[in-house]
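The two complexes that follow have subunit A in common; it is paired with subunit B in the first and with subunit C in the second.
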Partner chain A sequence: MEDLIEILKDLHADVDYDTCETLIDDKILDSFDIVSIVSEVDDKFDVAIPAKELIPENFNSAKALWALIERLMED
Partner chain B sequence: MLFTSLKFVLFIVVLFVLYYTVAKHDQWPLLLVASLVFYYMQDYRFLLFIVITAVTAYILAIATENFAARRKAYLKEHKSEMDDTKKKKYKNTTKRVQALYLAIALLINLGILATTKYTNFIIENINALRSEPLSFANLIVPMGISFYTFQTVSYSIDVSRGTVKAQRNFWKFLLFVSFFPQLVQGPISRYGDLSQTLYEEHKFNYKEVSLGYIRILWGYFKKLVIADRLVVALKVLVSDSEMYQGGFVFIVMMLYAAQLYCDFTGGIDITIGIAQILGIKMAENFNLPYFSKNIKDYWNRWHITMGSWFTDYIFYPLSVSPTILKLSKWSRQHLGNAIGKRIPVYVACFCVWLTTGIWHGAAWHFVVWGLMNFAVIMISQELEPLYAKFHAKFGLKEKAGYKVFEIVRTFFLMSSLKLFDCYRDAGLTFKMFATMFYKPGFGSLGSSELLNLGLTSSDYIVAGIAIVIVFLVSLYKALKGRELREFLFEKYPLFLVACTVLVIVIAVFGAYGVGFDASQFIYNQF
Partner chain C sequence: MMRSVVEYLDITAKKYPTKVCYRDEKTALTFEDVYNQSRLAGSFLLGEGLCREAVAVYMSKTPSELAAFIAVLQAGCFYVPIDDEMPSKRIELIFDNLKPRAVICDEETRENASKFAGSAKVYSWDEIKNSAINEEALTQVQKTRIDTDLAYIMYTSGSTGIPKGVAVCHRSLIDYIESFCDVMKFDEETIFGSQTPFYFDASLKDIYPTLKCGCETVIVPHSLFMFPIKLTEFLNEYKINTLCWVVSALTMISAFGVLDENPPKYLKIVGFGGEVFPIKQYKRWKKALPDVRYINLYGPTETTGVSMYYEVDRDFEKDEAIPLGKAFENVDIFLLDEDNKLSTEGEICMRGTAVTMGYYNDFGRTSEAFVQNPLNDKYPEIIYRTGDLARINERGEMVFVSRKDFQIKHMGHRVELGEIEADVNSIEGVSASCAVYLKKKDRIELYYEGGPEEGDLTNMLKERLPRYMVPTKVNKMDKLPLTPNGKLDRKGLTALSEK
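After this line comes the complex of A and B, so read on.
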């Protein structure tokens, strides 16, 4: 999770990722950010996030994103 | 049958009366009949194309879903006998079959779109390289083919991804593909959204019908009082590029920004308004685009359903594809982290804007327009850290004056890009744009020149006042966060006054009669 927060901080340093649950709804992350995150996650965790998982529910918070990564690791 | 014709208004009135008279379970079949009649009245041959698209997408979606269900059942049944490697192998093999179903659906439907729209464009380019020209194909381009094909493609992909369930009733599916208001110029609806209200039984809802009715009037106001009036002057201005240069190009830019906005948003207001009086909720296509602070913001507010379609079905799949991710990894190792990080975004963004340009039309100026958008977005993206430093240093970000500056800057930027659509020739557009700077001649622009463009002084006054009204209504939404029509509905006598005034204004000041020609919507050609 710490590695993931680091990736997110790299994009928007001023966001509190521990509490924020509206990263997409409040337009904090845009489509360019999402693609950067997918690329970084692939690099760091060796997890490929498929296009069908690129939905707001999976990216609205760091927690939701981490849950997605864990789920994909198990698959 | 144009949206702006009396025939269409009568068509809607008859449909509306029948819709709330027939048994509730007959409402959606009635809509299907109305949609097919509407399409038949444009050109009976169009029906063949839309039915082929619907039939192929319908059959292949069911085949995909059935196959996915069988796969799931097989895995469940043989759970104990299969280890992880076997499971993975089975999953990969079956995934390929599913991908094949999807590929067939996309190939057929995008193939029809490409053949009808782009064959002559390809022949034209081949002819440019040959001494003996090939003859052009005599093809018909069904109305709305880009819109309904994109809807069908999104449905096929969503079923394949398992995010929506396949529609098992063919007639219901045909209604989703052919629902008549969206055939003229979109919006590009998603099955998951539109199906929620399209097949429901609808009781007459006074509020929804009233709000839909005023929205239709508002759409006609923008289309007939502003767009169809301004188009007269625009046609003259772009017809003679030798005569109308410099300051006139600036006038073209401003007039076209107003005309395109009123034409497109007006048409969408009529479309969504018609759906609303029938109790059907359609996706919004605009959110105050001329109040955007930058180009990215603009594309989140203008033609929203097209933008989100390209994001979900081209940008994301491409940027997270194994090939692009491998390329990104390679670039990080060989070219550095900063460039490697940008590769997926840049490659996918380039492809999106190339296809967006081509989607708008089979012509090189649309391709250049798309790539210009790509270039501006990428430059803005690269300059973002610089902007952030600048904003932080001078504390400008929250200042009202600076926000207005950002909005005006974006408006001019986007209006300049729209010039490609006016002159319809990339080289000419660059040339005409340049004349604004090296021979502006604003001083010589007088009322006599403007009155030679086919419009009278009264036309300019009417269009000017109407544009101010549109601006004020937009400003209300920007400041209050809701539509003015909703406020008017709460103050009911005001609502009736507004509707009456709109009807009178459209009847008196609508651009029809001598010198005018109530025309098709600009986006209908796409």
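After this line comes the complex of A and C, so read on.
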């Protein structure tokens, strides 16, 4: 989770990722960010996020995104 | 003789009055709607005494914004698209350069438009589109206009940090649309999915063929480009069959395997441009949708839009590049070497009606790029030097090699690394900076010394630069490394980032 927060902090340093649950709904993350996140997550965790997981619900909070990564790592 | 692009609408609105012209999720405007609204609002603008001058259109990306563009043309003026997505610093600089007397806004943008407008009057689209018609004044505009009057200005990135406003006349735009429609073979069945913001010339590819050929343009919500499955669902819902998109938007679909999971069902034509299409991604498209026509489109804003095309007609190896192809009709494209001699490898130069009028309110920078044809010493003839290097392959096609200067292509946009540096260097406390571009990752990183901490700097840059120019990562250093000549060690820093 810490590694993930670091990736996210690189994109937006001023966001409180522990509490924010509206990263997409409030347009904090944009399409450039999503592309960066997918590629950084692939680099760091060796996890390729498949298209069907690219939905707003999985990116609205760091917690949701981390849950997704954990799920994909188990597969 | 055709003198303005408005004439496309005059004809098409009579032919297909009730057919949808421009739409998004919420609104659909028929050709008749666009015709009527643009004439009513055009009458209003004429009543305000505006004449052959700039009108800034600061609206959300909606069908109404497109009708507003046409309204400005109806009044014999030229439009300048401004968007809330642009950083405030850039909007300020554009208004400084443009000094418009009129700004058109909508409910969403009213507050910001008023903030930047200065002494300009701000008009609400909803109000002016319901004005009274003034047939006489509109007819007078049509009678007296000439085809070298401006149609629009698009602002592009400039290396000094000041954006350059490319000024384009009706004649160049008509010339472009005629050739483009011939090559692409659009007709009244064509349904475009509009991807690019209206403040980029890439959006012309949807807007004007729609008026000429009676097509339909569907504005794709920006947010869908984050979520490729939802994106293709949208394309299918609106039966979109034609995409003229930047490569990164197409890659968004192919890189995540959406072409297998939920392919776009109606596609017939895919035009792509803005940057080189990675062969791996192109092959995925070709494999999933083999019957689609794939066409590479190339051309700088300064020569109106697309000037060169290549319809993919053969297989490519992984290490090959898809050619830029050949010139549109009525454009002459040639390569000049360092001694300004014709060559099979050199800078892409263009001559013809496609060459635009130059940079607005900026004779200095205009004369640097719009120059006398060095091959002609007998009479004045302006060519545009693109700054792109290309070579001619064994098949006679032009192939892109690289940029001549520090300008790069990132996410489909032209970016001057120097512009980023100029901006960073203007921040208090920063003593030096160096922006590097990592081609493989398509990523910009920044190194700088002095000034704010990394997180604060990133936030400041987001306020000041367009989104696609903001470095993915910024790195503060005590001292930036120098080459033995005392210049910033760009190569060293690039290598450091590539690690």
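The rule we apply is simple: the second predicted complex is superposed on the first by the 75 of 75 C-alpha atoms of A that agree within 3 Å, B and C clash if a C-alpha of one lies under 4 Å from a C-alpha of the other, contacts with A are read in each partner's own complex, and residues count from 1 in each chain.
Just so it is clear, a contact is a pair of C-beta atoms (placed from the backbone, for glycine too) under 8 Å apart; a residue touches a chain by one contact, two chains touch by 3 or more.
Source: prediction; values computed, not measured.
Engineer: Is A:30 contacted by the first partner subunit B, the second partner subunit C, both or neither?
Structural biologist: Both partners, subunit B and subunit C.
Engineer: Which partner does A:56 reach: the first (subunit B), the second (subunit C), both, or neither?
Structural biologist: So A:56 only meets subunit C here.
Engineer: With the two complexes superposed on chain A, say which partner A:9 touches: subunit B (first), subunit C (second), both, or neither.
Structural biologist: After superposing on A, A:9 lies in contact with subunit C but is clear of subunit B.
Engineer: Under the stated touch criterion, which partner chain does A:42 make contact with: subunit B (first), subunit C (second), both, or neither?
Structural biologist: first
Engineer: Spot which of subunit B and subunit C makes contact with more residues of subunit A, would you?
Structural biologist: Partner touching more subunit A residues in the overlay: C.
Engineer: For subunit A, give the residues common to its interface with subunit B and its interface with subunit C.
Structural biologist: Touching subunit B and subunit C on subunit A: residues 30-32, 34-36, 38-39, 49-52, 54.
Engineer: For subunit B, which residues are in contact with subunit A within the complex?
Structural biologist: 161-163, 296, 311-312, 315-317, 319-320, 322, 325, 328-329, 332, 341, 344-345, 348-349, 381
Engineer: Under the touch definition given earlier, write down the residues of subunit A that touch subunit C in their complex.
Structural biologist: So the residues of subunit A touching subunit C come out as 9-14, 24, 27, 29-32, 34-36, 38-39, 49-52, 54-56, 59.
Engineer: Applying the document's contact rule, which stretches of subunit A touch subunit B when the two form their complex?
Structural biologist: Per the touch definition, subunit A meets subunit B at residues 30-32, 34-36, 38-40, 42-43, 48-52, 54.
Engineer: So in the complex, which bits of subunit C are touching subunit A?
Structural biologist: By the definition above, subunit C touches subunit A via 222-223, 225-230, 248, 252, 256-258, 261-262, 411, 441, 443, 454-456, 458-459, 467-468, 472-473.
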